[in-house]
């Protein structure tokens, strides 16, 4: 039965509003065991002329991009070997960790690391989850990997999970876990 | 600058309220790039006498437990080998996947699987994240494993991530990824 | 999906609130074809210290009594021949019309009118409806009459409807229609 | 002093809004003895993009028609002997009761019943009242009848009251009381 | 942290809204020691169709003019010796007091009083303050006077303060204090 | 017809609330020409547990004291020659200007200045006005002075006005104008 009234400056797109209302609905359901149909969210968009903070009128900032989309664009660019596009989605402070690596700072390091491991890899997604955690969004993608070993043999169905942090519309961190070593060691 | 007014029936604990307001604040920040200090949440608790749905007054349901706490209690019970306590936190439909396993339904299966892999394992947590996703909460815990191999040799610093689903205060699913095979294969 | 927030001074009883929320829910359903479960009413009771009109704090007036109850008490008192109790529920301006009468001002007139018509009459209620109409409430009661004709013969199942106006907790008007003449003329 | 804020999806006509705000004002006055000028109603119309229930956006349903208008249209059609128009306003489950009849299901039954009673009848209205009662609206019309007896003699000033139930914009029930038998028996 | 939601009929200009939100912000800061940035004001403009008082829809009255502007226009007109323009800003009941005068009702009296005191005077403003006080606004202007004594000698830097009352967009009262006598007596 | 809902943390005294609601009512009337009775203010006091800013719960700060009372206490202390009490109400940065003085920083300077001017002076107040202006409150007191000249002759009815600035419950500035020189020079 919770009723949520969210007052914000006008200027958000229908997609922004949908994402916002779904995130707020999930936030309420995190604590309140209400049936979904009993949770109503109202967005009250206020024209800038009708809002003041400290007696001063303000302009709204544009909405944040969907971090799940940023991450999926990055993963697609990597799969397409479009390093320029991938790089454009990374923050200057970006770092990443893959199984067996320490912190890597550049996509070049990643490619060098991958070379002896597989010829190529394709991801099949079973789940993409995104949520805010203080100053950054977190995006999880999980599913299975398929591709070819360095010797050309095919593999598939290897579980993986990636964790990303996104701030100010750029990826700041990637952490990867998967069963590649488990599968290799068992063959 | 968003101002959120959340009307709900009274009866939530201070901890419930804190979790609720933080979840809602995160939900707003997921889309609106406002400074944290500009996001205000007001809980308006309504006595049951003062609320009607369809003209009928209702009683509030108790808040959902913190799913992160449920998961941490489960993990502690497993580490303590208190299988009864661990089992009490699992839904009848519970299933889990670990590296190299298919779906397992019972803790006994898990223990049989772990036996040839390590004598024991202790988790050091670097992050616990919980959020709602429709009908269930998702909890991620990640960090490093330390323990002893079957031959008694010690290991430590092995990365892991666990994903849990929690519904109606019970764990319905666990998925585990880690670098154990990666580390073993490289030694 | 309408959500109604009703701000009023505190001091109403649980029964008053129930009546108020049901009346408001009905008012909304009069125009909006929402499912009942989608209509939520929140009463926000404000302590007198927290409310000002024209900069001046006010004290709440006591709730109006349920006009349906006032009418049923009056009808019961009449059936019990407790004229004093009945009279105490009538406004000084009270008037009434029964089949074949003009305006009557006193219960004595009514009793004189009824005398040649029946020895006594008892009401079985099929419906009581009450609603506000500007400055007064209207109450309708309808059902069937049973009793004895002046010659002692019994009758029953004769349809009736009464209309009352209630203002300031007193009945100001009663209008009565029934099938007594219809039944008599057909026997 | 009550202040009512009614949040609903946009798409209602000025007439719908007037009816809605008057119904809500009456609902409040049913319980709260505030001066009319102290009761304020605000409709907050929400664009469909700005509303979610259970995290899902919805489309508004069209407003219900004014049930008093439906009833008056029906009564006019009956007086004009436009049975097709009258029939179009009746629900399949329609039934009616007139003095001395049981339940009648068709307008043809009604006409047959009326034939021996009067040549024609015209209604002068003193009051029309409409309100919601759970799943249906109730409409009362009352006033006086004039017309001609079967022998051609004129009559007038005979009190009547009609009660209608209206659901989903169709009349489901009519109940009629009047003083025709009373007047006839006294002549 | 106060959040103020002000519901009013639409039809106010951006300037009106700015004045209104600043006045409300100041009103809150008069009592609540919140940081300015923590005080948010939302204007919810309601179309006339969406507002009813006592069940009756209303039309909004035009905003009051800025009383500080009315006063400054009056003072400018006086300095320009445009008595017609100045007079048009005065209410019929206008009265004024200057140092050493009793109540004066007309601008002609004022000019006669000023003649032996200075040839002309120009105001330099250090502060203009306007606020509402029940049925009228109060405007204070203060600063320094410069001009010429009757003998043609120049003066400057003489402190003054004027107090005005403004009601219904017209000045009803002016009271003036200054150091002219103090300065003269000390020379 | 404006309806103002002011949400703030609980913990304010009845007097604080009265001052707050009157200040807000005046603020609205500064721009909106509504009848006083049509302006309603609702204070919604939120327990600290039910409010978060940036996801963090806060404690309310105590209300600011009534600056008019601070000023009147200061003026009374000065009249009573209780310099310690008067001093305790002044901010370290306090400064004041009286007719013919420049900026004075200490009460001792003021007393020295007053000595040749009058033996003592008593104030009769005709008006006290207080309002907020950004970071400080402004208080105006005006009326007439009576007392004795240095030669013991009595005077009375001399107009004065004082302007004070108050911040953080301390007086930061006093400016005084009066007709003493005007009266003296005309005697």
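A, B, C, D, E and F are the chain letters, set down in written order, and residue numbers restart from 1 in every chain.
Criterion: contacts are C-beta pairs under 8 Å (C-beta built on N, C-alpha and C of every residue); 3 or more make two chains touch, one makes a residue touch a chain.
Just so you know, these numbers come straight off a predicted model, no measurement behind them.
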### Task
Give the fewest steps needed to get from chain A to chain F, where each step moves from one chain to a chain it touches.
2
### Query
What chains touch chain D and also chain E?
A, F
#### Entry: Selected interface, B-C versus B-E, where C-beta contact pairs are more numerous
B-C
## Note on the structure
The chain whose C-alpha centroid lies farthest from that of chain A is chain C
### Message
If I average the CA coordinates per chain, which chain comes out farthest from chain F?
### Response
D
#### Entry: Separation of mean Cα positions, chain F and chain E [Å, integer]
19
### Query
Roughly how far is chain C from chain F, going centre to centre by Cα mean, in whole Å?
57
### Task
Please work out the Cα centroid separation of chain D and chain F, and write it as a whole number of Å.
62
### Message
Two-or-more-chain contact residues of chain C, please, as numbers and ranges.
### Response
1, 3, 5, 7, 26, 36-38, 40, 42, 44, 51, 53, 55, 134
### Summary
One finds touching chains in the pairs A-B, A-C, A-D, A-E, B-C, B-E, B-F, C-D, C-F, D-E, D-F, E-F
### Query
Within the complex, which stretch of chain C touches chain A?
1, 3, 37-38, 40, 42
### Query
If you look only at chain E, which of its residues touch chain A in the complex?
5, 14, 17-18, 21-22, 25-26, 35-45
#### Entry: Touching residues on chain E, where the partner in the complex is chain F
1-9, 12, 16, 19-20, 23-24, 26-34, 36, 38, 51, 53, 58, 60-64, 67, 97, 99-100, 129-135, 137-138, 140, 142, 159-161, 163, 168, 175, 177-186
#### Entry: Complex contact set, residues of chain D against chain A
7, 44, 46, 49-57
